[in-house]
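Each structure below appears as structure tokens.
Below are two complexes that have chain A in common, paired first with chain B and then with chain C.
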Partner chain A sequence: MPPLLKIILRRLALGLLTMLVISVLVFAATQALPGDTATAILGKEATPERVKVLREQLGLDRPLLVQYVDWAGGILRGDAGDSLVGTGEPVNQLLGRRVMNTVALMLMAALIAIPPALVLGSLSGRFRDGLFDGAVSVGSLTFAALPTFVIGILLMLLFATQILHILPAVSRVEPTASVWSQMDLLWLPALTLALASAPFTVRMLRGSMIEVLESDYVQMARLKGAPERIVLQRHSLPNAIIPVIQVIALDLAWMAGGVVTVEYLFNYPGIGASLVNAVSNRDVPVVQAIVLLIATVYVVFNLTADILTILISPRLRTGLQ
Partner chain B sequence: MSADHPASAGGRPVGALDVGLDGAFNETLGHDLEFPPVRGKHRRREWVQLPLDALHYRITQVGLAMFLFIVAIAVVGPYIAPYSPFEFVTKPYAKPSAVAWLGGDNLGRDVLSRVLCGGRSVLILSAIATAIGMVLGVSLGLVAGYARTAISEVIMRGLDVMLAFPQIVFVLLLVSVLGPQLWLLVLGVGVTLAPPIARVVYGVTMEVKERDFVMAAESLGVSHFKIAFTEILPNIVSPLMVEFGLNLTFAIGTIASLSFLGFGMQPPAADWGLMINENRVGLVIQPYSVFVPVVLIAILAVGVNLVTDGVAHAMIGIDRDTGSS
Partner chain C sequence: MSDQEGGSSFEVGKLWEIANSKRVTRRTVLKGAAAMGALAALGPIAAACGGSESDTAASPSATAPKKGGHIRSGINGGNTKDTLDGQVSYIDAGKKTEQIYEPLLGWTPDSKLELKLAESYEISADGIEYTVRLKPDLTFHDGKSVTADDVIYSYQRVLDPDTAALATNHLTALKPSGIKKLDDLTVRFTLEQPDMSFEEVLAYYGCCIVPVGFESPKGVEGAIGTGPWKVTSYFPGEQTEFVANRDYWGEGPYADKLTMIEFVDPTAKLNALLGGSVDHLAILDTSQVPTIESTPGYSILEAKTGGWDPFTMAMDLKPFDDVRVRQAFRLIVDRPQMIEQAHGGYSWVANDMWAVFDPGYPKDLPQRVQDLEQAKSLLKQAGYDNDLNVVLNCSTATGANDPAAAQVFKEQAKGAGVTVKVDKVDPNAYWNEGNYLSYPFAMTMWGTNSYLWLCRAALFPDGPYYETHWKDDEWEKLVLEAYKTVDDAKRNELVSQCQTIEYERGAYIQYQFHIMLDAHSDKLQGLVADNFGAEGATKSRFNLMYFV
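Showing the complex of A and B:
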């Protein structure tokens, strides 16, 4: 087996193992803690008999392992169980459209955030310790520290209520129409996510640019008398682009968590807002499904980034051959 | 071996150490002679000197001023508040007036009083969460970095799994089962802070454990546990200070966010995050009840982050001076 393939397969196996452990954790967290789904639904005043009946109905009296296999098997077949609240709608049906809304929000935020962040990051790395670098640094330190909802409220005050009135403060996406046809509702939540995630991209790219420009091979190219244009194009860029893939993956992974407060704040109908609601109602199947989904997104993005990095890194590739 | 531990050195004035390094100090305290003086100097100075050096940077000064401003509000605020934070003094969402300088909140309570009383919770809760995260992360990182067994691999892979949960999502998972309880929030946030800390500690421990004094202690037969906590730990103080600052920033953000989502402090408590949640419906009519707590949380988080950045700058400076990195 070629060594490259071997590394990729090993990485994939590790990803699968991680997913398995995560699913056990998500399941265990809702089982091992001294709260019971049946008591949660019925409230503390419920009689023991009623709790017992409901436990049997929900299958909570079976051994934990059986419950886990049942739940995980359902997830694998694409059935995340039924909601415990209201009419007991299947979780899939509940979340289907919302998943798409959240994906739209994340994509939009990534589109807004990544290009300017890449430019700012590489420029401040190129002109390191200059005035520009200093300004970018203070800016990214500030936005990196601000909680996402704080950025959101400040934007809301700025664009939607107090100062300018150009964007709606609260997203009310028509359930029947696609989010893309209601772009003005997407702007503020997406801008909030973008501003919250951009500082990490900027700082990471700045670091990688400095590293590449100080590396031996760039020094070597310069010493050989290569013109600066060639040094940047042929020697610096192919290496500086590698972390960009990591950055995009990390950004999207980070946003998977960031959507929770943003969607709640803007009343945006995605899975983040659903998670907050489900937690308030202690709707365990919905919480489990969303947490598992978010963790999966994180693992898949990291995995993809790792594999792409292995495939395109000049050093890793040639080192293996 | 215990006398040169930072905790026991803490009672001595810092100035006295320099005397000791000239030799005179060692004569008056003969039993200290068995410790290599240079190492003692490095250790004691590092955790006192680093913050002092950091203060030379403008960014640290600004950050510290912001942080202290918030601490002052949290400490003094409740004593100078014009009303009780629970008292109904005006109409709901009343505009600022002579009665209530910042207007009324959603129930007609005084916004100014609630702002002055609402800072303690976020400060205290995030400090405790950070402490939990540091203790957990440092212990795991030290053990994983210093152990030469399969334990390292198990710990590090386990931490990778934890990293797949965004902080807030993990805490929400816990809250969905036990309900919004403060100890659970603090513990949950602390646990989610630990993996990245452990990774950093793991990295620096791998470096430090190859140094001569660790080898020396090992050849003397000092237990591995003791080496990890009395030889290696004092030598990674600088990166730990930076980690503490970074994680305090994260903890403030997460704790405030959880309060904002309604899972932190519960009504009728005065808490900045909760105030934002309660009053955001009235954002258009009475912005101060939201804007003021938002700005205060922002000042706190940014201030801590700026100080941390200053300390990180100073750390690079110190390493360059001693040539240790």
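Showing the complex of A and C:
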């Protein structure tokens, strides 16, 4: 079996184990919170009789182990169960749309963030301590320091409500149509996420670039008379980018996890707001489903980052043999 | 949309409106002064027409309501736990179900009973039989006629414990065998004992009339009622869409479509209004008032409601078993100050009596004010000399501003030598067994209620909301008599005496009633301020709204 494949399989197995542990932990944590779905639904109307009736209807009176095993069995069959609240919609259906919304937002934010970040990072590393580097540093440190929702509000004031009025202030996607046909609503939240995450990529690439440009092989390439463009593209960037791939993977996973403040601010129906809602309702099937989804994203993205790193780095590639 | 005459007409219009306003408050006087100042200082600089004014008086419309248009309303929500079952959904979800379903009677915006699906009703002299006659030619959304069979089915469903209906607690006087059909349009309810609050049961939104065979709807399937709007799509926590019921028996709807969009964040909701994504905003945050007032083309609707968030004292637990302590605590509160600090001024002062729109409300009792000397004196008589320590449990579960009110009470109590420890409880834990109903000193929330209705829920030991553990023999005699008294004048007199007893020695500290605010684009008119208040200033009467 090719060594790369062996690595992948081993990592996937570890990932599955991680998800199992997470599902148990989250289940336990949700149960440990005061109240349960029945009290959450009934609120002030929660007389002991009504709570008992509702608990029976929702299957919450069964022993915890039974509830967990029942749910886990469902997951293995691909059935995430039914939501405990509202109309009892199957979780797959309930989340399907919102997952798609979050994916769309994540992709748009990534497209806005990554290419400019790569350019800015490598150039400011190349021309360090110049005016360009200074400006980029100030900018990226500022945005890195600002909380995400502050960035969102600033962008909203700038582009939607106070200074210019060219972008919609609210990104409420029509639930009846596909999110991909309404991408123009996503500009502000996508920009917000991009500005919140890009600085780390820029800084990482800058530092990495500086280190690489001082290495022996780059000196060698320059001494050989290679044009600066080749030095940057073929010799420096592929090496400098390795740590940056990890950062980008983490950023994307963070975005996929549903950034709740951005969803609230722009009224965007993604999985972040769903998760908060489900936790406050103690809607265990929904909470579990979302958490597992996010865990899967982290595992897959990290695995992809590692594989890319191996493929890009010649040293690691030969080390496989 | 620019005004040809320029900015000065805006200021003049404001002065005119203030001069003619039925209610001249501190706010309107200050605005008048500002307007005068602005007029003097500014020349006729072009300003947008219309301007923003508080609609405290209903202004007559120049033209008859136009038909058509799509009303989009931004409401609080974002919670997926709503359903479209009109007999089970709570106040918040009720905004939606009240568009779809209706009860036999209803409430007017100034809290009087009115006929809805009923054409007429009679109460027998002994107060036991209620005979209700339906309006003829009423239909459900699916075209089926509304008959006595539907009324009977609806009430049987509410009485069925498996439905877990909202109204169950209020229907103690009615048994399933007490509902009889007299003819296709007439139903007779026979109560086990006389109970004058049954009139309000007939008006309760949770006792809406559904067709025979109605089951809890999954989504929009089966959500059939008689109301002005038919639901066409439903995404819990996100939005609900309706089309106008063109066969509606009552007024309107004038618009063709209605969409209710839910927001978790008040900023996002406001931006939706100002950005044109919605035409109406239910429940404006008090901090957002200046933004609306300074943006032309938008107005605020204010409603003085009877909703209240009081402090509760459990009178069977120390120290509140001593009436002097309860009276002292009521004297601790500087009511205007608490309203200003906790509610931003958006409440009106209460006098420790809550059924303020009841005909029997004792208007002539002196308004209670802060009196720390008297409070200290009462506490001393009760045996406390600057050494009384209490724990006050509060939560955002009762209202976003209530923890702030608790803090204000704590500060004010220092002046009477009372040390208060404020314990803020997680909203999901507040209503749990062992907490709410067991706290010696806590807070709670109520909407607008009539006296007899709420008593059953909160002031009797078998009521589900027996918060204050209230027990008073003199009061009990009077109130039980009131339930049985068919004659309106006599009953109101008894209720008045009951309320007076609570004024003197009750276990609530009630300092305020809510003022609800809605905001809307000036293109949308026909909004009517409603006393009810829980869902916003207009109580979601979308059938009356129209575009200009």
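Basically, the second predicted complex is superposed on the first by the 243 of 321 C-alpha atoms of A that agree within 3 Å, B and C clash if a C-alpha of one lies under 4 Å from a C-alpha of the other, contacts with A are read in each partner's own complex, and residues count from 1 in each chain.
Everything that follows uses one rule, which is that contacts are C-beta pairs under 8 Å (C-beta built on N, C-alpha and C of every residue); 3 or more make two chains touch, one makes a residue touch a chain.
Every value quoted in this text rests on a predicted model; they were computed, and no experiment measured them.
Shared-chain residue A:Y264: touches chain B and chain C both. In the overlay built on the shared chain, the residue A:W254 is in contact with chain B alone; chain C does not reach it.
In the superposed pair of complexes, A:S280 makes contact with chain B and with chain C alike. In the superposition on chain A, A:I294 makes contact with chain B only, not with chain C.
In the superposed model, A:M156 lies in contact with both chain B and chain C. By the document's definition of touching, neither partner reaches A:L95: not chain B, not chain C.
In the superposition on chain A, A:L141 contacts chain B only, with no contact to chain C. Using the contact criterion defined above for the overlaid structures, shared-chain residue A:V85 touches chain C, although it does not reach chain B. Shared contact residues of chain A with chain B and chain C: 33-35, 40, 153, 156, 161, 169, 264-265, 278, 280, 282-283. By the touch criterion given at the top, residues 18, 21-22, 25-26, 29-30, 33-35, 40, 138, 141-142, 144-150, 153-154, 156-157, 161-162, 169, 254, 256-258, 260-261, 264-265, 275-276, 278-280, 282-284, 287-288, 290-291, 294-295, 298-299, 302 of chain A touch chain B in their complex.
Considering their complex, residues 33-35, 39-51, 53-54, 83, 85-89, 94, 153, 156, 160-161, 168-170, 172, 175-176, 264-267, 269, 273-274, 277-278, 280-283, 286 of chain A touch chain C.
Residues of chain C that touch chain A in their complex: 78-84, 90, 161-162, 164, 166, 169, 217-219, 233-239, 261, 263-265, 267-269, 271-272, 274-275, 277, 397, 426, 428-429, 431-433, 436, 445, 464-465.
Across the complex, chain A is touched by residues 59, 158, 160-161, 163-170, 172-179, 249, 252-254, 256-257, 260-263, 276, 280, 283-284, 287, 290-291, 294, 297-298, 301-302, 304-306, 309 of chain B.
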